[in-house]
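Please find the structures below.
What follows is chain A paired twice: with chain B in the first complex and chain C in the second.
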Partner chain A sequence: MKIGIKFCILLSLLVFLEGCWDRTELNDLALVTAMSFDKGEHNEIITTVQIVIPQNQGSGGASGGVSGGAPHKTTIRSGTGVNISDSLSKLQQKTPRKLFWGQCKIFIFSEDIAKAGIRDEFDFLARHPQPRERANIFVSKGKAAQALELFPPIENSSSEVLQKLTDFKIGYKVTLQELSKMLKGEAGAAAIPIVLILPKAESAEPFQTIPYVMGTALFKKDKMISQISGKTTHGVKWILNEVDEFTVTFEVAGNEGLVSLKPVKAKVKLLPQIVDGKWKMKIKVKATGSLIQNGTEMDSTNPGLLTKMEKAFGQDIKLRIEQALIEVQQKNKTDILGFAEAFHRKFPQQWEKNKERWDELFPGVEVSIDVAASILRSGLINAPGGIPEDEVVAK
Partner chain B sequence: MLDKGKISGLQMAMLLYPAIMATFFLTLPSSTAYYARNDMWMAGILSAFFGVLVIYIATKLHELFPGETIIQQSEHIIGVLPGKVIGILFFFYSIHVAGLITRMYAEFVTGQFFFKTPLLLIIALMVLLASIAVRGGIEVMARCAVIFTPIFIFPLLLLLLLFPDLELHNIFPVLSRGILPVLQATALPQAWVSELFFISFFLPSLNSPAKGRKWGNITLAAVLLSIIYVNLITLFLLGPDAANKTYPILVTFRYISVNGIFENLESLLLAMWIFGNFIKICVFLYVAVVSFTQILRLSDYRPVVFPMGILAIVLSFWGIPDASVLGEYIRYVGPFEIPAVMLLIPLMLLLIALMRRSGTAKK
Partner chain C sequence: MKMRRPFRYNSKASAAQQVPDASQPQDAANHQSMVLDRDLQQNINQIRTIYAKSSDMVYRSFYIEGQTKAILIYIDGLSDSAGIEKNVITPLMHEITGEATAISQLAERKISAAQAIPFTTFEECVSYLANGLPVLIQDQEATGLAFGLNKWEKRSIEEPAAESGIRGPREGFTETLRINTSLIRRIVKSPLLKMETMKIGGYTQTNVVIAYIEGLAEENLVEEVTTRLKRIRIDGILESGYIEELIEDMPFSPFPQLMSTERPDVACANLLEGRVAILVEGTPFVLIAPITLFSLLQSPEDYYQRFWVSTAMRWLRYLFTLISLLLPSLYVAILTFHQEMVPGALLISMAASREAVPFPAFVEALMMEVTFEALREAGVRLPKQIGSAVSIVGALVIGQAAVQAGLVSAPMVIVVAITGISSFMIPRYIAGIAIRLLRFPLIFLAGSLGLLGIMMGVIAIVIHLCSLRSFGVPYLSSASTSKMREMKDMLIRAPWWMMDTRPHLTGDYNEYRQASNQKPGPERSE
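Presenting the complex of A and B:
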């Protein structure tokens, strides 16, 4: 009798332990790889998702026998609603599979949404359990959905392209969590990288190109106020101490030709000072690089000439930072440079008193730049390549 | 003691560590950051005082009345009837908190992972498991703890993988707004640390009761280190954003990514959460059951376990209509209720006991 009861209990486990009653199989899911938000005609939100087409994944060229090239690996679908949640529910009505966000690591806002303010949309992204905090955020020029509609020639999807491009750390990069921090932070400013669409190669099919990242959108509170170019973005990255594997090309005074260094690494420190009520910021840069191209006639193995090059290198860094400061601090008056946090950390009392006026104070902060630049290695050749020995300037 | 089982000091520590840390550490950083902002990590240090105090009270009482729990001790100290009132208070408190933590556990699990599973099912399954373990006696619980507590602790170490994303300078400026916000932030950790008074229910089962204080203090140290560690990681990762997250630790686990391969670790958090809460619910249910049987002087505690479980399920719904009421309770009621039961009442009992003892000694 007792054994009978135990047996029955064990049997019932068979039913429950499999968890089959509410299984969700892969072919019931629509794997979302990226999501974009556009503004509709009557101020609605159009949410577009990029969905993986599982049949075409990994089939490569072998089965793509149909003229028209390889089968498309992703498709897009849009839903329109009064806010994101509403538009997503509309979107689900048009999608026979359940939207699955686990792999969604790209969110793109269109420029007009960014200009109107992303507070509402951001709340959804931060509150909903599905969007991942490490997802990358972008702002697109023009329609955001366009970036998702593309079919990259090499990568599986345009979202993968964006993901890999940001991994190179060349441009500015912002995750959902970092954006959240910026919007909550002391400075009341944020920056989000801008996505553009690469003009397609002439021989390529329609839509066969990639989105790429160039430039940065500047936000005051949650509204985009302007944008800066890719070059200025690099300067900003110098100030933010995010220099990694940069290529730096510069002229050496009194010489023709250009010198290029890569990889350039740097340590940047922000040293805030308040002298007689005047707010000052000292940017201390320590940069190193390796020579990869020497278009001048100078012999880089000569210590004297190398010092000359190093001087020019430092001058160039200073110039980049100054240009970025003019754009960001003087023209746009948006503190995406971390100045507010630096002052807050060093001078908490003064900061508490003055934080309401930070918007007026920030453009007036006097910045001095102190660069120590050195060139560590000169590559595989000594004297400049491609010219006879006697034309090389050795001293 | 009704339960003849004996446990070691280490086993007691392993029972108590999750009994404090589970449920609590998920919301801890946001509630401390709410007051203390970037000084949140100090909150844990200050609550050490309360921990040392409750452990001292519990072990001192056990020295005076060896082999007894607080329920029996209070009858001896202030007489049968008032003692029973305090016993009933302890019983109500522990069964009420058992319901509360079951609900917290279930809210997190349904809110973040099992969106469709009914709340009642998650609660009932967990309470059923805990009841079976409690019915098995203290040795069974202790052995569960020896296996599960390391599983509960290990994932916390994975937070170190976040190192490249941590901004250590978030810790500055230190104490820029004075010590007051830090004291306010201490309200919550001190309340939870006071729960260490539950060693009163385990001391009679220790195989060497003399080591009770030592192991209590070891548990306290482990808890404090974990609190500081978790707070620091959250501060370094989230900075000013920490106060605004419901579950900052969930965010930190989701943020872990090593080369884009080793990521999406929140399921690990869910696993450790279930293990930790299993132990925690066991401990609270055990305390409720022991209090109940000792108040009524029953000869066996086993028949009471399942009815207590049902009571815990009911209490996890009563008076908690939604998550914001739960949060309100944790933020405003808990910091006063828990120390009142776990610190003030035992402290008074101890003082009365010491005074009476010195009174009889003089005679």
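Presenting the complex of A and C:
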């Protein structure tokens, strides 16, 4: 019994002496939703955070009596320092609540930082325990902080906009963890999506617009070397086997008008070969799609015409991939396509010998594209809509 | 430490000597072993001494057939005076047959009461009187007769208040032991249903019945229950809760180790599974032993509804049992330690609602939970007319005004409300209370150590549950056994045609409860 009492006292001491050392009330936290890094005039780092203003969230609790227009739901604040840690400590001095970025899912590097190299910043993001590994990384055209200072008309914050846009899987998406893998990977190349600011609607208030994602920045080692357009990015996504919910629009040879398919799904395989010391890559694509718009006069239920369409579909895919290859492989010579891993896996010995020369080898890899495309569903109507039946090409 | 002195019920009588057994009355101790004398007057004097200063005693003296002097003694209000008049006094006084009037012959020839029990000691005599049986003592006889003419005001059989249901019998036990035994006997008609009686309580002399079915209940279980009951030395038993606390395996555990039920069908279902029921006079709550944690989470209706429904309800109950134990502490832990675990949008709306609240989440949770418990307790104790006032005040004050005043955040009110509701989903009120109690240490742990604290708390609870036993049966036995067939009445409620065996450990003594292969269907012949 006595031992029991002693034990109870010790146990309660354990609880109470511990003193909630890690405890932070929600009211004492500044919830950071996005963070951006810019370069100052004298090469210093300006860290900008987007902070949620809980009072202005509208739902729940007592609503503040802000008169005139909807109150802003977020605010931004910046700190300047010699590196991220320094600038963050400066930033904390200007923020009465503890910066909490456990919920920060957006990191944006400005273009000039990206061009100078992100190794230093990346080390901080990967080493510090608070940033999420699944946070999205972006590069901005111009000043990164601008993207945070927007007040989107629909979403609560510009960070939410970016997050939802990347969730659509239409654009390219890179998380902190993926970036870490790319930077460490065989190819020594990385790709990060680019954030632009949508010109605001004429009727909108100042700053009432959204950031959006278009195009991709190409990195060699940790430095940004160039960028590719949104269309090329799509081509890259084909090679990376990240095709999902794509819309593909193409012409069918010998016909006027365009055909659109959605959703287009594909399975893409990279088959590396080394023939007589020549490095070759075969890209095998198996794509399917559903017809959603037929601007031609062809009857899509006719098997012969459908095969024609499928052929054009395959040709279009091939073209997209080829364009991406020209941009990425020939012009920029950065292997963000996963070729290095594919060769390493299939030919470990040769790779071991040649991995130092990969930068030279990569542009010379001969790529052949093999597409098997099919249209599975032709929609709710048979003949092309909107024209008399006798004008329909049935054969 | 000071030496413990036995508490004295009667300081005068025991001032001089050491009391050997404090629970036994001391003043009339010497009548116990005395036998009746042949002298009537001496017997009357003896009884008058035992029942001195008792205004409710009735002594009716008369002559049997005008010859032999006799006295009829009973306690007013406990016996059926009309029945006494009709069945005892009238035949004895007025039917003059001139036959022998020996006491054994009286019972056989003259008295028309249904029960006539001869006795020879004062101990028996007092016991009969106390139970309302009128006692007849005759001159020149050292044997008396007690008649089964006890009758007192009793509550009629009603629907049990604490265990109502949609489907199933609506009869509930009452305060009268005989009614309760009859309710069980009416369901289990086999003579193998055994009911052993014993008296517990020095002053109250409460009748306690151990009911079991011979051949289903293990003999050593019955023996163990009997031994534990016999060990009780107490002045009085007012409710079966006394017995429960005096015979359980681990007295400091918050979990009940005996189940109490108000329903005869529940008691009989348990008897059929090889368990033992303990019926106590003066309370409608019958104790069942041994039990497991899962039997506390089962409702009698589970067995009467379709098995799909019962299975779903069971899962719902398990889920809400966990919620009832963990939700407030999880809320506190996540809000004060692990903000990154909440989805972003949810965290922001939580932050918005917490913005005006001046207290830490931990204090908020504790405050609200205590208030809820207070409201619940007040609602139970108050008379029904005032009860509604409490609920209105409760709903307004903790529901709305507190949120509007900025004292409490709206999500916390929701958490407390869900927790409260979920604890009422546990069919056994006592088990619900145990879980509600355990919630408070968990909130403390969550407020000081976060999820780590909750894990520590939960592990401690699980270790405790693993070591807990109810009459030797492990508390988690149906979950911890490797026999898959035990899951048929725990994870799911298997249809009756699949429940061929009785539960493990209590039912192993007589394994099969029904013929196998009874799945019904149109193609079945005969």
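Simple rule for what comes next: the second predicted complex is superposed on the first by the 363 of 395 C-alpha atoms of A that agree within 3 Å, B and C clash if a C-alpha of one lies under 4 Å from a C-alpha of the other, contacts with A are read in each partner's own complex, and residues count from 1 in each chain.
Going forward, a contact is a pair of C-beta atoms (placed from the backbone, for glycine too) under 8 Å apart; a residue touches a chain by one contact, two chains touch by 3 or more.
Keep in mind the model is a prediction, meaning the values are calculated, not measured.
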{"item": "Touching partner for A:132 - first (chain B), second (chain C), both, neither", "value": "both"}
{"item": "Partner chain(s) touched by A:184 [first = chain B, second = chain C, both, neither]", "value": "first"}
{"item": "Which superposed partner A:27 touches (first chain B, second chain C, both, neither)", "value": "second"}
{"item": "Chain B versus chain C as contact partner of A:363, first or second or both or neither", "value": "neither"}
{"item": "Dominant contact partner of chain A by residue count, chain C or chain B", "value": "C"}
{"item": "Which superposed partner A:349 touches (first chain B, second chain C, both, neither)", "value": "first"}
{"item": "Contacts of A:102 with chain B and chain C, given as first, second, both or neither", "value": "both"}
{"item": "Contact residues of chain A, present in both the chain B and the chain C interface", "value": "22, 102, 132"}
{"item": "Interfacial residue positions of chain A with respect to chain B in the complex", "value": "22, 102, 129, 132-134, 167, 177, 180-181, 184-186, 341, 344-346, 348-349, 352"}
{"item": "Residue ranges of chain C in contact with chain A within the complex", "value": "335-337, 339-340, 342, 344-345, 347-357, 360-362, 403-404, 406, 409-411, 444-445, 447-450, 453"}
{"item": "Chain A-facing residues of chain B, complex", "value": "111-112, 116, 169, 172-173, 176-177, 237-241, 244, 251, 254-255, 257, 260, 263-264"}
{"item": "Residue ranges of chain A touching chain C (in the complex, touch as defined)", "value": "15-16, 18-20, 22-27, 29, 31, 33, 52, 54-55, 57-62, 100, 102-103, 105, 130, 132, 156, 160"}
